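What follows is a pair of complexes built around subunit A, which joins subunit B in one and subunit C in the other.
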Partner chain A sequence: MLEGINLSLVDWSRAQFALTAMYHWIFVPLTLGLAIIIAIMETLYVKTGNPEWKRITKFWMTLFGINFAVGIATGIILEFEFGTNWSNYSWFVGDIFGAPLAIEGILAFFMESTFIAIMFFGWNKVSKGFHLTATWLTAIGANLSALWILVANAWMQKPVGMVFNPDTARMEMTNFWDVLFSPMAVHKFLHTTSSSFVLAAIFVIGVSAWYILKGRHVVMARKSIVVAAIFGILASLYTVMTGDSSARDIAHYQPMKFASFEGLYNGSEGAGLVALGLISQNVADPTNENLKDFTVKIEIPNVLSYMAFLNWNAFVPGVNDLIKGNEKYGVMGAIDKITRGKLAIEKLKAYKNAKKAHQLALADSLKTEIMSPDFQKNYFKYFGYGYISDPHTLVPSIPLSFYSFHIMVVLGMYFIFFFLMALYYTLKGKIHKKRSFLRIAIFTIPLAYLASQAGWVLAEAGRQPWVIQDLMPTMAAVTKISTGAVQVTFWLFAIIFTTLLIAELKIMMRQIKIGPKSEGGTN
Partner chain B sequence: MFESLSLISLQQYWWLIVSLLGALFVFLTFVQGGGTLLFTIAKNETEKSLLVNTLGRKWEFTFTTLVTFGGAFFASFPLFYATSFGGAYWVWFAILISFVIQAVSYEFRKKPANFLGAKTYEVFLFLNGLLGPLLVGVAVGTFFNGAMFSLDDMNHVTWGTPFRGLEAVLTFHNVALGLAVLFLSRILGLLYFMNSVDNESIYNRSKKHLLYNTVPFLVFFLYFVIALLFKDGFAYKSGTGEVTLETYKYLHNLLAMPVNTIMLLIGVVGVLWGIISTLLKGDTNGIWFAGGGTVLTVWALLILAAFNHTCFYPSALNVQSSLTIENASSSRFTLVAMSYVSLFVPFVLGYIWYAWKSMNNKKISTGELEQEHHVY
Partner chain C sequence: MIKYLKKIYLFYLEGFTTMPRWGKQVWLVILIKLFVMFVILKIFFFPNFLNTNFKTDVDRSNHVLENLTDINK
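Right, the complex of A and B next:
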């Protein structure tokens, strides 16, 4: 199955997907959050009838439009890249993964694209009420689009509601609701969208801070800060809650990812949480080069056990426990899993051969065995391990996971504090005097993007070497194509996306400089 | 309710839906066709802006339909998605890139400090209008003429040429379909301008170019259809899935499925009536006849490609690898689950129609653009 697939092809395909996903994710969170902030502002306009709110709404809507276009442009590539570069994966999971994508198109994208036209062009064409509805539906449509793709992504982290069909050699869905309401999916959706709201709120506050510093559009800026700060506080508290649930999901279903982002090499009861740390170049464990020492670390005792299992003394397995196994705590070692995975692959091959040779009785008995609950639970569950030869490759990059997790969390905490300060200063009428805070507010914008990207790096790079946890390694998912072809498209996309990003930033900054237009409409 | 349907009925139902999305997409490529005509129809900057804004309010529908078409195809016939997108790598990426550069062009074109200049974004619109319909047509041509792939036991694709799908342009029948779709999209673009823009000189110029584009469209379209009637096709046996060559396969399909054939004929008449009524009577409603006709024609052609035991994606490399609606589909469970979702489609079409109507009840004019807050 893996003949003709070389590592450099997998790496380039991953690089291309990461490039597309990360560029896409520059634009999406702002779209998700700003859509809602705009809808709140327009609601205030309709409720109060104050034309200032209409002017404010229209200004943020202009920035929304610029950002939205690039999000769409990068999104279409992402959707089709599943097919172009991960065709084996597309077949293996298409039965499950395709449905959310189709639903996303039918239910969410059309809602978004239909009502966005009314939102932008309908001010003088439809009633106030209809326009407001359209703005809310655009916001809901955008966030619904996120729901379905995140359901699909959650399924890759924790496959549920499916069975393997040996005849078609793929996973087939058996329970749609299990897929949709998998805790991983619910938490992922809530965490991703609420963190996007945080990013958008920071964007609004940062841009408004710039106006106050310049002494322009101060009334608009202050009103915007109040809306964004309240929205930001609620969203960031929710982000913390859902992040906490997500961490528990990872501890249960992806223990290796959990151990990696905490830099936990040897598991223990009452494990401590490394709040801050720096990883050194020294190898901590001679049997595994991937495990580096910490130069410094601040550890809070017992917190990791509580975070993972809501029990201060629970055992949290470390990387070494997961590789070598730990009988005392019932942790199966990697070699055992690999053996079971290989056996599952052998059985499947034997079944395929028997079918080809028309040995129907043998084929039937092999199929019954493969489909039996015992085989599914004890062997097939480790199917993907059958492709792994070196157990150490089961560990994702620890520095990447560790730093992306910690950057995300530390910044997340800072954002709560930031929103509280912004709201306090504005409500007290002191914000225009706090010039250092206003400058910090501007520089908080890139930090919000950093935290948001870090979250995805953790989710995706931390899942490696799996494309589907325990069932399909990334190297088995790739399309068989020349590495050169992928290199060409990689650079092509890098150039196109970078050009679009530069254009977007230049246009956005100019529009911010121009500021809100005076209101000439009659509505 | 869908649980009681047989697997083959579900597979047919989903082919009908995916084909309908494809057909709606071809109708909506009036946005692309219009994009190739900016420099031809507009004689000054104001007129050009008028055209760009007219198209700009609709581009998201075309784009969304393409994305949904991809998603629905992935969901219902994942083996096609895996085989064709992974296999015909360059063709699909060329199509996609043309849509990527389009997606920002409307929004960025007239914005200050837009980095590349208005002209570049107009060229992007032109390129998307040219490459999008042309290559989509060529790619759909391979539904009839086959593609160079082979599948192994695990259904993993191997492609037979290093050109990864670009070799499809060597088959003239594919190219003829591509050119027919391109000229059709231009015809639809012109009819859309005539319907939506309140400007007499744009109307008159569009009318003149309507004739110029109709002639090549008819030549390539008729060539495609007539050649199709005389073409061999690949049939498969239900149950075993064994694929065999059948002479006059598509002619047989036309005779075996009279309702579909009637739909095809009504579609073609609709397109022609849309054009002729505009040319002779100076109508502005040609877009609705030609658009409706386009949907019926494309829908019928796609049904022709897959129903009546026809391989909808024949393999020119290894005949037995050919894809059919039976061997490429999702499982019964997934098809049933998605069929429930498909019940929302009329509702979605309903609100799109309502939104479209409330936005288009007045023609777009230069006066309106001057007053508008959000212009492209």
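Right, the complex of A and C next:
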């Protein structure tokens, strides 16, 4: 099969998936975070009875509604792509993904659709308490529906709770709770949602800053900044904590991704963290042209070891250790894994052929061997390595991983500082005088999206060549269809999503210019 | 029960009829998007490869198994 798959088909299929996923992710984080901020604002309205809070809530609810409506269902296109472009993969994982995605669909439909209607249509028609409950349930429902897709994604990064069925060629779930509560899934969910809260808080502050600069709706803007800044500080700190846990998961389960995003070529004890760095075009290691030298780097000693294993002197394997192996530290080399993977594939092939030839005794004995714990642990675990011919292709793009990780982290740190400044200036009553800061606040909105997208680039491009870690490389997942068809749909999506984005921005900008409606409060 | 359902119906009806301009615009975006996705993209550009080309799950399994085991060493 693999000789029939050309790289341009794989690359175009990947580009198409990346395009749809990244566009989809423009809409999602704002929905997740803004829903919570609105719920907090409405809680303040119900607690204080101040109509200004109602007006504020209704205004941000309008922007939430526009973003939610334009973004809704854009993720379904990813499911179309699974069936068309990634048929081997979708069949292979169908049993694992079926349950989480079905729960997501039911939750999204019933919780969000029902309570969103009450949120928008229910003002003055249902009691304040009931309306507030609907708003909170919308926010919780939106975040819970994100949980299931993130559980599915986490499973691809660290497959757990399943067994391979050689008769159906599918991974079958053996323990739903292992899949749901795998550390990778829990940390991914918490990190993704908390970072989305950060993005939404920046959005609220940025839009409020524009009002203050224009001298319009200043009271609403200041109140919004206080809520968003406090929420943003808490969410940012939580994002740091969950990011730290996620990094440890990666160090344990995806050591090549970990080494790549830190540009760690040769492992060491007490490894240093590259806080900032620039990668040059010069090759650092003549045996591997993927490893480029650093033009400049600022390294903090021992921190990487602590980040990975909570031990200042722990050994962190580098790219070369993972390729060549390191006996001293018990790191298995790529050649060994490739040999085991090929043996696993050969056994599966022998089983398939024995079944086809009706050699039932041989087929039974091969199936028993394949399903044995020893084979699963020592051979099937490396199944995907059997497709790899050059160990160097196990290294993802180091500049892409390195820069996406560092952009995300540096911006994350900047956001904490930004929230603190916004809160300080507002509480001191100086925010309207800090016009440079207000302008920076507006330009921080795209930076929040950049950080959010960078996180996903790291998660997805950083795990290449795997679509399912160690079990299925991307090239084995793709459907053998014409590259031209994928190119056509790539450009089709580019046009459709860009149109949607322009539509959202136009409708949203108009609503921002109109501003909140008068609700008996004063400005 | 019927009274309750009627109440819900009227709730939605009033909500949609008194919807502001931006609400109508986003509903238009939603409807166009769903039409493009499910009527154009799904039918003409994104047929499910395994469902279209194979009749039974056994055929699909065999095809994927063939793909997974036929590697160029």
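By our rule, the second predicted complex is superposed on the first by the 513 of 523 C-alpha atoms of A that agree within 3 Å, B and C clash if a C-alpha of one lies under 4 Å from a C-alpha of the other, contacts with A are read in each partner's own complex, and residues count from 1 in each chain.
Throughout what follows, a contact is a pair of C-beta atoms (placed from the backbone, for glycine too) under 8 Å apart; a residue touches a chain by one contact, two chains touch by 3 or more.
Remember, it's a predicted structure, so these values are computed and weren't measured experimentally.
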Subunit B and subunit C placed together on subunit A: clash or fit? clash
Of subunit B and subunit C, the partner touching more residues of subunit A is B
Practice task
Once the structures are superposed on A, label A:Gly98 by its partner contacts, choosing first (subunit B), second (subunit C), both or neither.
Solution key: first
Contact-wise, after the overlay, does A:Tyr387 reach subunit B, subunit C, both or neither (first, second, both, neither)?
second
Q. Which holds for A:Ala275: it touches subunit B only (first), subunit C only (second), both, or neither?
A. neither
In the superposed arrangement, does A:Phe110 touch subunit B (first), subunit C (second), both or neither? first
Quiz item: Which partner does A:Ile495 reach: the first (subunit B), the second (subunit C), both, or neither?
Solution: neither
Figure out whether A:Lys58 sits in contact with subunit B (first) or subunit C (second), or with both, or with neither. first
After lining up the shared chain so the two structures overlap, which partner does A:Asp167 touch, if you call subunit B first and subunit C second: first, second, both or neither? second
First (subunit B), second (subunit C), both or neither touched by A:Lys342
second
In subunit A, both subunit B and subunit C touch residues 1, 62, 65-66, 69-70, 72-74, 76-77, 80, 83-84, 87-88, 90-91, 117, 120-122, 125, 168-170, 352, 479, 481, 485, 489, 492, 496, 500, 503-504, 507, 510-511
Per the touch rule above, subunit B residues touching subunit A in the complex are 57-58, 60-61, 63-64, 66-72, 74-76, 78-79, 81-87, 89-90, 92-93, 96-97, 99-101, 103-104, 106-108, 111-116, 153-159, 162, 164, 330-331, 333-334, 337-338, 341-342, 344-345, 348, 351-352, 355, 358-359, 361-362, 371-374
Counting only contacts in the complex, subunit A reaches subunit B at residues 1, 58, 61-62, 65-66, 68-70, 72-77, 79-80, 82-88, 90-91, 94-99, 101-107, 109-118, 120-126, 130, 134, 165, 168-170, 172-174, 176, 352, 479-482, 485, 489, 492, 496, 499-500, 502-504, 506-507, 509-511, 514, 517, 520-521
The residues of subunit A that touch subunit C in their complex are 1-3, 62, 65-66, 69-70, 72-74, 76-77, 80-81, 83-84, 87-88, 90-92, 117, 120-122, 125, 166-170, 342, 345, 348-349, 352, 386-387, 389, 476, 479, 481, 485, 488-489, 492, 496, 500, 503-504, 507, 510-511
Subunit C contacts subunit A in the complex at 11-12, 14-16, 20, 22-23, 25-27, 29-30, 33-34, 36-37, 41-42, 45-51, 57, 60-62, 64-73
